[in-house]
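Two complexes are shown next, each including subunit A; its partner changes from subunit B in the first to subunit C in the second.
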Partner chain A sequence: MARTNRPVSQRQAWWLLATALAASLPLAPQVPLWLSLAAGAAFSWRAALTWRQWHLPPRWLLVLLVIAGTVGVFLQYRTIVGRTPGIALLVVFLSLKLLELRAARDAVATVLLCYFLVLGQFLFTQTIPTALLACLTVLITTATLLAASDDRPQPQPQLRHAGLMLAQALPFMLLLFLLFPRVQGPLWGIPQDRFSAVSGLSDTMSPGSIALLSQSDAIAFRAKFQGEVPPQSQLYWRGPVMPSFDGRTWRVRQTLGAYAEVPYDGLGAAVDYEVTLEPHGKFWLFALELPATLPPDSALTSDYQPIARQAVRNRMRYTQRAWPNAIAGVNEAQGVLRDALALPRDGNPRTRAVSASWRAQHGNDGAAILAAAETFFSQQLLIYTLNPPLLGGDIVDEFLFDSKRGFCEHFAAAFVFALRAAGVPARVVAGYQGGEVNPVDGYLVVRQYDAHAWAEAWIAGRGWVRIDPTAISAPSRINSNLAAAVPAGEELPFLARSDLAWLRELRYRLDAVTNGWNQWVLGYNPQRQRDLLAGLGMKEPDWRSMTAILSVLCGGVMLGLTIWILRNRLRVDPAFAAWRRFTARLARRGIVWQPWEGPLAFAQRAAGQAPRHAQSIGEIAALYARMRYGPAPQEGDLVRLKQMIAAFHP
Partner chain B sequence: MNYNDAQKHIIHQSPAKTPSPMRLPELDAILADINRIILGKERPIRLSLACLLARGHLLIEDLPGVGKTTLAHVLARVLGLDFQRIQFTSDMLPADIIGVSIFDRDSGAFHFHPGPIFTQVVLADEINRATPKAQSALLEAMEERQVTAEGKTRVLPEPFFVIATQNPTHQIGTFPLPESQLDRFLVKIELGYPDPAAERELLAGADRRQLVADLVPRITPQRLIELQNTVRAVHASPALIHYVQTLAAYTRASPGWQEGLSPRACLALLAVARAWALLDGRDHVLPEDVQAVLHGVIAHRLRPIDDTARRDAETVAAALIEAVPLP
Partner chain C sequence: MLGKLRHRLHETFVRWALRVRPPEPAPIILTQRRVYVLPTRAGLAYGAALGVMLLGAMNYNLSLGYALVFLLAGLGIVAILHTFRNLVLLSIRPGRCEPVFAGGRAQFGLLLENRRSDARTSLRLFIDEEDPIEVDIGPHTSRATPLGVPAEKRGWLPMPRFTIETTWPLGLIRAWSYAVPDLSCLVYPTPAAKAPPLPWSSDSARGSAKDGRGADDFSGLRKHQVADAPRHVAWKAVARQQDGPLLTKLFSGAAAQQLWLDWAALPDTIDTEQRLSILARWILDADAAGLAWGLRLPAVRLAPDNGPAQRSAGLQALALFSHGAH
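Entry: the complex of A and B
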C-alpha cells in the first residue's frame, strides 16, 4: 500500500501527541517517577519537533533510548514481565515511537500502542470514572486513527465519525459482554503483584486500633437481604475473634478450617442475604451472627468465623443465611475454654479486686457474674468517645476507674478482662455493627466506620452469649449509628455525618450507581451469566451453544445495522428500479451502465455498441429521463416504461 | 468501459439527435457563428454561452494568443451587445475602470466621464496583472451591477457581462485573485491550443479580425434577457437536485479536497446546468448537463489536496463524477 508511506503531517502529529498523552497520563501514578518524567520529556520533544518543524532524532539515538528505557524498567522491577513492568515498557515504547513519526504506518503503530495502554488502565482500577475516561480516550484514539488516513483541518468531523463508529460497535460490545463464555474471576485480577494500603480490621486489637478505622468511610461490604432488614441492634457482622491477651493487645488464636459445616443448630427464624465483599487482603468473610451456611470455598474456624481458602483480593459475592438465635458451643472444648480464661500474671489490680468480689458473691454462677458485670459497667458512667485519652500501663484499670472515656475496643477489652478475672470464660469479637440501608437500591452498606468490638461470654448450659458492653453505656451506637453515639463536636468521617440531607441523598445515589456497576459489570461472573441465560429460557448452556447463540445474535445485529444503513438507499424510485432491470439486460450483452452515467449519455453509448436496438434503447432512455428529470410526469408513464423494458430483449 | 469513453459521450453528445419542442434556432445560429471563427473549441464556447445565459460572468484562463480576446469579441458581436475592452496593467487605478469627473471650464462644474465599464460586455484582459485595488473596483461592479463614483451611484447597462481573462498564475508579474473574488465568476474555462486540424484550418483561413467585423447580431439585447428568464424556468427535478447536493456533499466528506463546494457553488452549478439544458433544447435538466458543466463551475472553486500534479479541471471533475452515483 502506497498510503502507508505518506509522511505524517503536522496536524496528524498533534493528534498523535494528544492521544499518547490521553492514553498514558492516567497511568502516571502506576509507573515509577523517573519514567513519568522521561515520558514527559519525550512528549515535550515531540511537541517541539512538531511546532518548530525540526528534524527527527537519528535512529541510533532512538535505539539507544529504547535500550536505556528497557534496562531502566528491568532495574526497577527486576523483571520485564508482569503487569506494572509490562505497562512501564509500553509507556517507554509509546514515548519513543512518537519521536519517529515518519510515515502513516508509524502513526498507526502509535495508535495501536495507545489502545493497548487504555486497556492497561483496567489492570489497575475498574471504577466507573476509569471506564468513562477510557471511553473518552478510545474516542480520541479512534479519531486519531481516522486522522491518520484522512487529514482534515478541523477535528470535529473526525471526532464525530469516530463517535459514530464506536456507537455502531456498541451493540456488539454488549452482546459479547453478556454472552461470551465467562471465566471465573476478573481477568485483570490474575497478575496481582502487590496488595496493600487497604484499610480494614486486623487480627490484633489494642486501644485505638478500631477508633482509627472510625475515621474511614470506605465501604467494607454491602448486603442485600431477602426479606426485611433486621433491626439495627441485631446487625452484628462477625469478624476475627480474639481470645489471647498480653496485657495490652488482643490477638487471634483459632483453628483454621475446624468445621466444614456449622456445628450448632438454629433456633427461630433464619435471615437470608447476599454479601458483596470489598477486597481487603485477608481471608475473612464477614457474616451475620451466627452463620448458618458457609460461602463456597470456605470453612468455619474453631470460633465460628467463616474463612476463605484464598485471601479476598477481588470483590466477591456470596449468599448467606444467619441464625440470629443460634445456641453454639454448649459442649465447648476444654482447650478453648482455658484460652478464654487466660490472663497475664499481674496488672490491673483494681479490676481484679472487683472481679474477685463478684466471684466471692456468686461462686460458679456465670450468669449471675455476667449480670453483676453489666451492672458495674452501667454504674461506672463510662463515656463513649472517638478521642479517648492515651492510656499507660494498666489500661483496663485506667479506663474503668480514671479516664472513664473510651471507644468500643476499650469497652470490650475491659469487659472481657473483668469476666475472666471473675472466672467466666470470655473473648473479644471484632467485626462490624450496623450499616446503612441505601434507599435507592435497598442495599445495606457497611463502612469501615461501622467497625466494632464486643464480647462473648461462655455460660454453662447456654454456650457462648454475646454481650455488647458499648451498648450498656452508649445504646445509641447500637440502635442507630456512630454519629448519634459520640458527643457533639467530635470529628466524624464526612459520610458519617447526618446533618446534610442533600449530601446524603447524593451519596446514596452515587453509591447505588457504584454498586450497580460492581454487581452487574465487574461482578458479571459465570453465575450471573447462567442466571441471566436461565432467565432467557436457556437451562445450563454449555460454551458451544453459547458460542452458537453469540454468532447468531452478532450476525443478527450486523444484519440489522446493514439494513438500517441501506434502507435509505433501498428506497428506490420505481422508475429507477425499472431502469436497473433494463441496464441489467444490457450488461449481459457486455454493455455495462456505470452508476454515475446519465440516461441519455448511456443510451447513446449503448446504441453505438448495439446498433440493432438503437431505437428501443433511445426510446426507453428518453422516457426514463423524462420521468425522473422532466417537469410533469404523465399518467401511465411507469406502465409504459415497464412494458417497453419487458419487451426489450437485446 | 473505461472512463474516457463515457466522458467522450458526454462531451460529444450531439444536440441535433434529440429533437425537442424547446429547440431555439437562434441559439444554434449563435453557436455556429462563433465556431466558424474559433475553430475546434465547441465545448468551451458552448460553456461560455451557457454562462452568459445564466447571467454569470466568465473567467478565461490561458496562455496569450489562443483566442481569449477573440472569443469575447465574437460573443459580444453575435449577441448584439456593446463591447469595451480594458487592458489591466500593474499601474492601473480604479478610476481607469469606473471613470472620472473632470472640471468643465465652460459650465463651471464637474462632469463625470464614464469609464470603459459602462457597457454591456466588458473584456477585462489579463485581470491578474493589475493590483488588488484595481481588481476589486471591477469585481464590485460585477457583484452589484452598479458603480459608485464620487458619491453617486450609477446603474450599469443591462445585460452586463464581464469576461475576464487571466494568465496562468505561475507566470511572472501576476496578482492572483483571492478565492472569494474568484467565486464571483460563474464559470472558468480554459481554451488551450487548437487541435492540429483546426490549427491548420485557422492558418489557411481568412483574417479573423475581418471575420469578426463581418458578423451580424443574431439576437437583440431584449431577446437575450428573455432567454435568460427562460433559463431560470428550466425544470430541475427533485432527483436532479438530490444529485447536485450529493456531489457537493461528497466533496465535503471525502478527503480529496481542501474545502468542499459551498451552497453558492451548488446554485452556480444548477444555473449553468439549466442553461446547458436549454442550449440542448430541453425544458428540464439531466444529470448529463450537470456533468458537462461541472468542470467549468468547480475549476476555480475546488482545489484538490494533492495539488502537486497540476491536473486540469476536466480530470478533477471526471474523478468527482465517477465517484458519485446517480441517486
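Entry: the complex of A and C
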C-alpha cells in the first residue's frame, strides 16, 4: 500500500526514539551493562541522524550489528532462549530497528517491539510502580503509533489523543481481564532462571544459613485468619523438616514417603486461615502446626510437611486448617524413628558426655530427658544474637560450652544433637515463627526475617512434641519478635525495627495496598475468577458461559461507543440550516445556489439576478460568510442571521 | 491468474457494495451500511503480536501481561470505531469539472461536506490507487477536491468509481467506501500538432492573411485581456508608459474577415478524428489570434464570432460530433 511506503518524518523519528527509550530504560538493570551502553549508543546515533538529517547507515552494517548483538547475547548467557536472553535480544533488535527507519512500516514494527518490551518488564517485576511506569510507556507508544499515521499534531495534543483512546479502551480491558477465561500456566516449560535470585529457606541448614535470612525483609507469605489471630507464641509455620545430620549440615529427607491425608487426629479448637504464598521456587508449602487439611495438588511428607506437586513458581493462594493441639506420630514408623536418632560416629564429645549423664539418670524416660535438656539449656545462659561467632569443628560443643552465642539454628541443632545423643528421637524443623498483623487490612505478614528453626522430639505415648530451644534462652523472640529478642545495637532489616511509629504506620498502609494489588490484580487466577463469577450468581462458570457473557458485555460497550460515534449524524450546523432556508427561497425565484459556490460569490450573482433585494442578499451572505469563515463568531450572530433570513421574502 | 481472480472478486464485491446503480443522485452520504472496515497489514501484525503476548502472559502467569494485552486489544477495538467514525456520514456532492482536451487529465471536482462538529483527518481519495489525494476537512466545513483521471477519448467522460478511505488514527484499521457521483467531464478532441494553415474562405482577404503583413490595419489600443494573444500586445506602447497596464493592438480588419472552419474543406483522405483534431487546432489558433470564426460541421453550423464562449461552443461541437451525422 502506498501509505506504508511513506518515509519516516523527522517528528516521527523523535517519537519513535522517545518510545524506544521509555520501553527499554526500565529494563536497563536486567540486561548486561555492555548491552545498555550499546543501546545507549544506538539511541544517540538515532538522535544525531534525526537532528542532522543524515543518511541512514547502510543495510550491510546493520546486518553485521544484528549478528554481533546476537552473538554477544549468546556469549553472555550461553543461550538465546529464555527470559533474560530473550529480553536482551529484543533490546538489540529495537536499538538497530531505530537505525533503519525507512518507511511507515518500520515505525509500526518499532512500536510493536516496544509493546513486547513492556510485557518483558513484567517478567521481572509486577509491582504497582512497574504498572504505573508501564502505563506511561504505553501512553507514549500509542502516541507514537498515532504520529506514525499523522505527525502534524504537536506532542501535547498527540499525547492527549492517545490518552483518550486508551481511556476508551479501559472498559474493554476491565471486561476482558475479569471475564476472559483464564488458564493456569505454564503452557510449556518455564526456564529455571525465573527463580534464580529468590531468597527463602533452603532444604539444608548449617550455622549461619537462617541468620542470613534475618537480614531480608522480603515477604515470605501472608495469612488471613478466620476469626482471631492465634497468640504470637503459637504461630509456628512449619517448613522443611530436616532429620539427617552430617556433623555440620542438616538436610531434608531425600525420599519423601507421602500421605495423601493427614495421619493424625485433631484435638481441641481448629484454626482456619488462607495463605498467600510468595513464589520461592521450592516445593514446600507453609502451614501452621499441625496442618489438618492439605491444599489442592499437594501431599504430606512422612515428616508432616505439606509439599506441592509442582514447585511454587507463582504467587499461590490456599486455604488451610490447623490443629494447634494435635497429637501426631504416637505409632511412628521404626524407620522414621531410626533416622531421628542417627548421629555421626564421633565429634562433640562434651555434649555427648552430658547426654550420656541424662541417659544414665533417666534411662528410657524420654519426657524426663527432655526436661533435663531444657534445664541444661537454660543453665548454660546462652545468648541469642544475629552475629554469632564463626564456629568450626565441633560446632555443638563450641556453641554450648565456649561461645554460648548463637542464632536459632545453633539452638535447634544443639538441642536435637543432645537429645539424639541421649537416645531420644528428635529432628530439626525449619520454617517461620510469628509474623506481624497489618492493622489496615488484617493480614498477618510473615517476612524472611521471621525465619526460624526449632526442634521436635518423639516421646513414647505422646508422639512428636515441639520444643523451641530458642524460647528457653530468649523468650521474647517467640512472644514478640526479632527486634525484641536481639541485643540493642545489632543491625536489623529496616522493616524489623520497631522504633519509628509513623514509619510503621506508613509501612502498614503501603503493605495493605500492595497486598490488595497482589490479591486482586496479580492474584486474579482461574480460581479467583470462578469465585467471583460464582459470587455474581453464575452456577459453575465454565469457559463457554464466560465467553458468552464476555461477548455480550463487550458488544454492549461497543454499541454504546457506536451510538456515541453516530450521535450527531443528523445534527446540522444551525448557521448552515439557516443558509439553506435562504437559498431555498431564492431557488423559488430561479436563483439556484450551487454547493461549490462561496456565499459572497453567490450573493453577487443573486444580486445581479434580483437587484431589488441586492442589499439584503449582500448583508445575509456577508454575515454568513463571516460566521463560517471569519475569526471567532460573535455572540448573537446566529440569532441575527435567523432574523434576517426570516424577514427575507424575495 | 491469481491476480485476475482477485480482480474479478474485487469487482464483484464492489458491484454488490455499491448496490445503487451508478451514477448516484447527489448528495452521496456515506452511511454506515456502505462504509467497510478491515484491518490493514499493520493491523494484522498488531493482532498477531497481541496473540503472541497473550501466550506469553499465560505461560508466565503474568497478570499485568494479561492487563497489557487486554488494554491493547481494547485499543484495537477503539481504533475500529475511530476509523469508522472518521469516514462515516461524510457527504459527497459532485462539483465542477472543466472541459479538457483528450490526452490531458480530467479533473472531477468533488465537494466533500463534513456536517459534524469534529474534523475528519487524512481521508484519501483515489480513482487509481497509485495516485491518491489526501484531505482533511474541518468541522462543519465543505472542501472542494479535484480528482484527476486521464481523458483518452473525446466526448462526455463520466466520472469513474472512486474510492475514499482512511486509516486514521492508528493506521491499524482501514475504513473505505466507494462512490460514483453523477458527474461528467467534456473531453475535446486533441488539437492536431501539425495542421494546415487557417482556411480563409475565398470571400475574405485571404491573400493578405498569407503574408501576414499590412492586411490588418492597426486601428488603436485597448486594455489587455487574458484571452488576447501575446503577439498582439503593444510592447512598444507598454514600454513607453512604464508601469501602466498591458495594451493590446486592435486591427480594424479583424472583425470584417470571414473565417470559416469547414469540415468539408478538408481533403477526403483525412479520417473523422483527424479532421476533428485539425478543426480543434484551427479553433485554438483563430481564438488565439483574436479572429472571429465560424464552424461548419455536417449538421452543425456555428455563426462567426470570437471570444471564449465561441471557443467553448466550437470545441464542444467537435467533442460531441458523432459519425451518424456525417
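The rule we apply is simple: the second predicted complex is superposed on the first by the 492 of 650 C-alpha atoms of A that agree within 3 Å, B and C clash if a C-alpha of one lies under 4 Å from a C-alpha of the other, contacts with A are read in each partner's own complex, and residues count from 1 in each chain.
Definition applied: a residue touches a chain if its C-beta (ideal position, glycine included) is under 8 Å from a C-beta of that chain, and two chains touch if they have at least 3 such contacts.
Model, not experiment: these values are computed from the prediction.
Contacts of A:D150 after superposition on the shared chain: both subunit B and subunit C are touched. Contacts of A:L553 after superposition on the shared chain: neither subunit B nor subunit C is touched.
Applying the stated contact rule after C-alpha superposition, one finds that A:R605 touches subunit B and leaves subunit C untouched.
In the superposed model, more residues of subunit A are touched by C than by the other of subunit B and subunit C. Looking at the shared chain after the overlay, A:V592 reaches subunit B, while subunit C stays out of its contact range.
Of the two partner chains placed by superposition, only subunit B is touched by A:R626; subunit C is not. When both complexes are overlaid on chain A, the residue A:Y115 reaches subunit C alone and has no touch with subunit B. Within the superposed three-chain model, A:A131 lies in touch with subunit C and out of touch with subunit B [touch as defined at top].
Of the two partner chains, subunit C is the only one touched by A:Q168; subunit B is not. Of the two partner chains placed by superposition, A:A28 touches none, neither subunit B nor subunit C.
In the superposition on chain A, the residues of subunit A contacting both subunit B and subunit C are 149-150, 573, 595-596, 628.
Residues of subunit A touching subunit B in their complex: 149-152, 157, 573, 592, 594-601, 604-605, 622, 625-626, 628-631. The part of subunit C that touches subunit A in the complex is made up of residues 27, 32, 40-42, 45-46, 49, 52-53, 55-75, 77-79, 81-82, 84-85, 88-89, 93, 95-96, 109, 111, 113, 115-117, 121-122, 124, 129-130, 132, 140, 142, 144, 167-172.
Residue ranges on subunit A touching subunit C, taken from their complex, read 1-4, 104-105, 108-109, 112, 115-116, 118-119, 122-123, 126, 130-131, 134, 138, 142, 145-146, 148-150, 161, 165-166, 168-173, 176-177, 180, 182-188, 190, 194, 314, 521-525, 554, 558, 561-562, 565-566, 568-569, 571-573, 576, 595-596, 628.
Listed in rising order, the residues of subunit B touching subunit A in the complex are 1, 5-6, 9-10, 13, 17-18, 235-237, 239-240, 253, 255, 283-288, 291, 305, 321-326.
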